[in-house]
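Chain IDs A, B, C and D follow the sequence of writing; residue 1 opens each chain.
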Amino acid sequence: MSRFLSFIRQPIIAALVLIVLLLYLGQMLSPGFASGGQILRLLIVASLLGIIAAGQNVVILGGREGIDLSVGGVVSLSAIIAGNVMNGADSGILPAIAACLAAGGFFGLLNGLGVTLLRIPPLVMTLGMLGVLQGLLVVIRMGIPSGQAAPALSRFVTQPLAFGIPGIIWLWIAIGVLMALMLNRTVFGHRIYAIGSNEHAAYMAGVPVRLIRIALFMLSGMFAAIAGLCLLGYSGTSFANVGEQYMLPSIIAVVFGGTSLAGGKGGYTGTMAGAVLLVILQSILTTINIDESGRQMVFGATLLLLMMFYGRGRAMRA
Amino acid sequence: ETFKIGLSNGWVGSEWRTQMIDEAKAAAAKWKEKGVDVEVSVQSANVDVPGQIAHIRNFIAEGVNAIIVNPNSPTAFDPIFAQAKEAGILVIATDAEVSSPDAIYVGIDQTAWGAAGAKWLAETLGGKGKVVAINGVAGHPANEMRVAGYRGVFKEHPDIQVVNEVNANWDQAQGQQAMQNVLATYPDINGVVVQDGMAAGAWKSIMDAGKKDQIAATGEIRKDFIDLWIKEKLNSGATVNPPGVMASALNVAVLMLQGKELKEPAKAGQYGNALYLPIPFIDSKNVEEAAKQLEGKPGYYSYTSSLSIEEAEALFK
Amino acid sequence: MSKLKLNGVSKAYGATLALRRGDLEVMSGEVHVLMGSNGSGKSTLCKIIAGAVRPDAGKILIDDTPVTITGPRSARAQGIGIFYQELSLAAHRTVEENISLAALPVKSGVFVDRTALKERAARYILLFENVAGEGFSADALVGNLRPDQRQLVEIMKALASEAPLLIFDEPTSALDRAQVDRFFEILRDLKSRGRGIIFISHRMDEIKAIGDRATIIRDGETIATLNLAETDAATVIRLMVGGAGDMPASQSSAPAAVDGKDGAALTVRGLSGRGFRNVSFEVARGEILGFGGLHGQGQSALLRAIFGAGSITSGEVLIGESRFDASSPRDAIRRGCAYISGDRGRDGVISGRPIIENVTPIHYLRDRLMIARPRKLRDKVTPALESMHTKFPSLFHPISSLSGGNQQKVIIARWLIDRPDVLLLDDPTKGIDLSAKADLFTLIRQLAAQGLGIVLYSSEDAELLGNANRILVFNGGSVTRELTGADRTRYNLYQAAYEAA
Amino acid sequence: MAETATIPRPRREGRIRKLLERYPFLPALVIVAALLALNGFFSPASLSYRALTGLLSTYMALVLLSIAQTYVVYAGDIDLSAGAILSLVNVGIIVLMERWGGGAGAVLLALAIGLLLGLACGLVNGLVVATLRLQAIVATFATSIFFTGLALYILPVAGTPAPAIFWRTYGGRLFGVPFVFYILAALIVLITVMSRTRLVTQLLAVGDDQQAAYQSGLPVIPVRIKGYVLCGLFSALAAFCITGDTASGDPLVGGKMTLYSVAAVVLGGSALSGGWGTVVGSLLGALTIGLINSVVFFMGTPSEWQNFVQGLAILVVLMAGVLAGRRARP
């Protein structure tokens, strides 16, 4: 029982309660907001964010101020690569997945190498990489035919697959289960937490610190690549800069989920709840009819308010 | 005759901008046939406002004859344009108007752009119905002008009710999400005014909700959307902000550098320095024609138009 | 005169009752020793007095007046200065800035008064003249200093508070003899000037040397206050471990030399690297080789280098017959080398993680595991922890909920699941209590008997003399003397350590 | 023991290290010099007095914003709302100057209010991060959204010219010397004075190890709040410069500048983890970013490649800054 309780940690409960409250609020403000179909559609959007946040999550867990600001760039890149590889044909989906994962993994590898071999702080390394990726997007767009999503991919993302739930939500659930297993039940997972909470001690206990950190950045790149692929399915066509809007929200989702930006503490289940929470909040704000300036002020203040529930650090005086 | 023209673009986040630069370069090449050597020098990268001011400074240092800029801010360039003018450089803004009295604007009237779409929608809806608007970046001048444009039109149609206006930052995916949310809370809307860059996304949500026959919405000028439009027989109409505006601006610039004078000086617009270009409009009547122009082009390619050298010459005395 | 009085102070961290009932009275002009095994609540008590920890209940009286301490600042204002067991230094600031950190001298209201800062620092640095070691200066960055030098800075910082009541929570754990001697001189001087001093150490000889009275604390409760001059060590230990508690086995006579007929477990030939040079020795299977000498003479650096965590510029290392130049700890562990560091905060504890995850990393590596099955691991982990008599609520509690000593036991336990061939001990008992120490050395001897080659570096002479078959004395990065058989005396050890220093 | 086996440690490295320890901004200085040289090589005109004045007046805002960022980074914090504060102050003073008629008195009064506005924003950030203990990156991102909303409320669309007296002074000359040089001089004096204050030492100590600083008796929360307040004040100063250089109000003007300010701090050799760095380094870092943008152009990079080359150059220089900076730290 106590194991069960410690597994379902506090922030997740809090996030779930808040999700219900927000849905209720949304329904009050604009009837129809919390209808079944709409909730599914919100979950699709949340899956996109949540998949990116999975990568962000492991990088943050790995410590040494881990953070990946380049996810937005990788998402955009992957959407463009996928669109061009599949170009509207279902037969192109598998090659597209391979190409996206390879690209995401490659840029993750570069991030990881910079962070470990050259010891560049992740914030700096990935911010720089974001700039490079944005430049690359412009370059590879020269003369390349634009891509269309394959119909099967679009169906996977937007149409029900089983039990009335779209494939992407199933995918997200599967990722959630795999992440929980990886973090709690594999040596790799334990090593992520180890390097996140005391890198030097982990090193002295034979943990391949660099290798793992590189792997984390590669994972982040690959999750972003998967999200980019799904985003292509969501929007049908690829376009430059699709990923930009996900950079900071992916971090916020992780924080909302109770993972500490200092590393070594937290998990993915909370992040999933955090992603849902964030998406619901954003949609409520789009549906209420006030000026954009008002929306932004409400959004900023609500973010702060919500962070008060979990994002808080420890008091210096124990 | 040799002219050196600097092109500055401060944001590279969309294909439209790339096409804009490409068309401008192509326009410069055309002048060769006329025996005029137009050398373009391009600065195009993501920069902040100081970064784009630095673009202009670099051009001044390089000693160009004219600068054409797609500005990151409408007002931030007044002092630097003054310096450029002092240095004898012709400054033309395109795509977004600038407040500087030392520059002229050559491009479309964004207010009219917004109005044209709204007018099409109002007519399509027969002057009554519930409408939502999906706008670009709040506070961005082009967005605010477009908003003013459609508001003005709807004011003339008292039976059209704008039930909500949301911002989706000219991002296709955000437009799609915004449309989803809107459809959930206003299931009975009849029309959508959505700016290009987001219209494809909004339409995707409309189609996903199975409402493509109940709702009329403005559209995109990208090839992939126009193809979809024809295929799905969408009830759409798209005002065109052609990426060719910079090419038009370049042609005007060369003629001005040759010492020609405009028949009607650029005096339009809120800043009194604008030379407005015609705004093409695509609706179900001429969408096939638009598709023909775009045949063989990549999906991100936009329907475009620009002043040819001859058309530009016609504006001058 | 009573300087400080605590009445029924208590503190719980979540479910752990760190301090049940703390009663304490410290007089002006005395050195009052706090004694207790690891995790008994000494540091908690001190931090409560210093304002760093908020007590749940209890009264604090200073000069017989009840006071409320709201934080470290308020404690300072009420005349309390403290040396923290885990130090409280800013690594990128200079020694002089650290000494005055809490009350930087200012001029014109906002600017740091550099002259005053230097003068003040010079005063305290002077106190440790000649014993502070190479590289210690007012403008050195603290992060560049050795652990013992850092501890000296923390001492100076506490002294600079010029507080009437000074608390020293294990200030000597990294200091060498000369430094301890100098520090005690200073304490005696302070005492004579009427300051009240609280002092914590796990070293009996130090307690004897400096303490006036002692308060014994057990399981978060203060048991008794004794006059040290009238008590013997056995009584104190009995009080610390509780009435029927098992007495720590007093160190049996020093072990005999090992003949080495089973061959060498570890051979080091002409090894040089950062911090040590040209060191050669051999450890036979079953042998415990001691490293002695003052602090920072290359012992730790050498051990780390062998373990693959330091630099080696020349020389060679063999484990058994095969050449072994570990490029990383990972490499070293795979080939059967183990290294237990006394600096658990840096090298050992994976803080915030469950105890079980703190024990398993070596097992993961040596068994090449991919999947972590808690049930299977529990069967491996529990015996290892029990062999050290570790006290822990459950395997899934975070390690940070344990006391320092118990944390160290957890760290040691991680090396016991899969037997190594060579065990390197780098001052492994730092901060662990007497009975834990006894447990550890019993275990070490057992391991030696099973044929491991063991290298033991300890800053406590008694540990070396009591356990090592041979002792290599280090000075300036190389071995200056080898003590075997009857030569292994306290006198010889000191003499060898100091001769060239 | 003979000297034969002393630990090999080249003396040169020791000297460089000492030098870096004393002047951590040296690498940034070298990079700035190299970029200036490159600029001059590709386009001699870009090194003219006039061009340098222009560079300075354009990037003075980013310089100030980077300095603002440095003070919070000292304490191990970060302020992702610095750019939003800049925008807010920019529209705030523009609107006030306009409303009060644009005379010299109005300008000065508006500037004073602008400073107060920056201070208030900094205070909000400080309270949220230090007192409420929210994680700095996300909390200041949230406040940045709030501040941007407020800026949009004050001035919904860019526009409203600044009084001529204001921007003519900023862009003009005094006794024949461009005004920005006076600003630069004043700034250097100001940061030198600042570096001697107790607050800066305290910020650095807090950044080094917050818990240790608290246990030592430092007023950690007030110190961090003061760091954010300083950041707010310098962001307001940055807003004055951008207002001087652009002579108008734009509620989105600072949005893109925040991340550049963080990059500039790192380029200047400061540690994002806190406890180590210099303000001068950040000043140079901001100029580096400006110079990279120019050099990419003057090199004649094809337009499609400019963004890529610019990104790559910034990444490479960031790496160089970090690597050089680390050699100096213990």
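Things worth noting here:
Just so we're on the same page, a contact is a pair of C-beta atoms (placed from the backbone, for glycine too) under 8 Å apart; a residue touches a chain by one contact, two chains touch by 3 or more.
For clarity, every value in this text was computed on a predicted model and none was experimentally measured.
By number of C-beta pairs in contact, B-D leads over the other of C-D and B-D. Taking each chain's centre as the mean of its C-alpha atoms, the one that lies farthest from the centre of chain C is B. Mean C-alpha position of chain C lies 44 Å from that of chain D. Look at where the CA atoms of chain B average out and do the same for chain D: the two points lie 34 Å apart.
Inter-chain centre distance (chain A to chain B, centres taken as mean C-alpha positions): 33 Å. Spacing of chain B relative to chain C, judged by their CA centroids, is 71 angstrom. Shown for chain D are the residues that touch two or more other chains, namely 151-152, 156, 211, 214, 304, 306-307, 310.
Shared interface positions of chain B, defined as residues touching 2 or more other chains, are 12, 18, 44-46, 138-139. The multi-chain contact residues of chain A, meaning those touching 2 or more other chains, are 131, 134-135, 138, 142, 292-293, 295-296, 317.
A complete list of chain pairs in contact reads A-B, A-C, A-D, B-D, C-D.
Residues 50, 52, 71-73, 75-76, 82, 84, 87-93, 97, 101-104, 106, 110-112, 141-144, 157, 272-275, 277-278, 313, 476-478, 480 of chain C are the ones touching chain D in the complex.
Residues 3, 6, 184-191, 193-194, 197-198, 200-208, 264-265, 317-318 of chain A are the ones touching chain C in the complex.
Chain A meets chain D in the complex at residues 65, 67, 114, 118-121, 123-125, 127-136, 138-139, 142, 248, 251-252, 255, 260-261, 291-301, 303-304, 307-308, 311-317.
Residue ranges on chain C touching chain A, taken from their complex, read 13, 47, 51-54, 71, 307, 309, 328-330, 332-334, 339, 341, 346-353, 357, 360-362, 364-365, 369-373, 396, 414.
Put simply, chain B touches chain A in their complex at residues 12-15, 18, 44-46, 138-139, 163-169, 171-174, 176-178, 180-182, 184-187, 200-201, 204, 208, 222-225, 228, 298-301.
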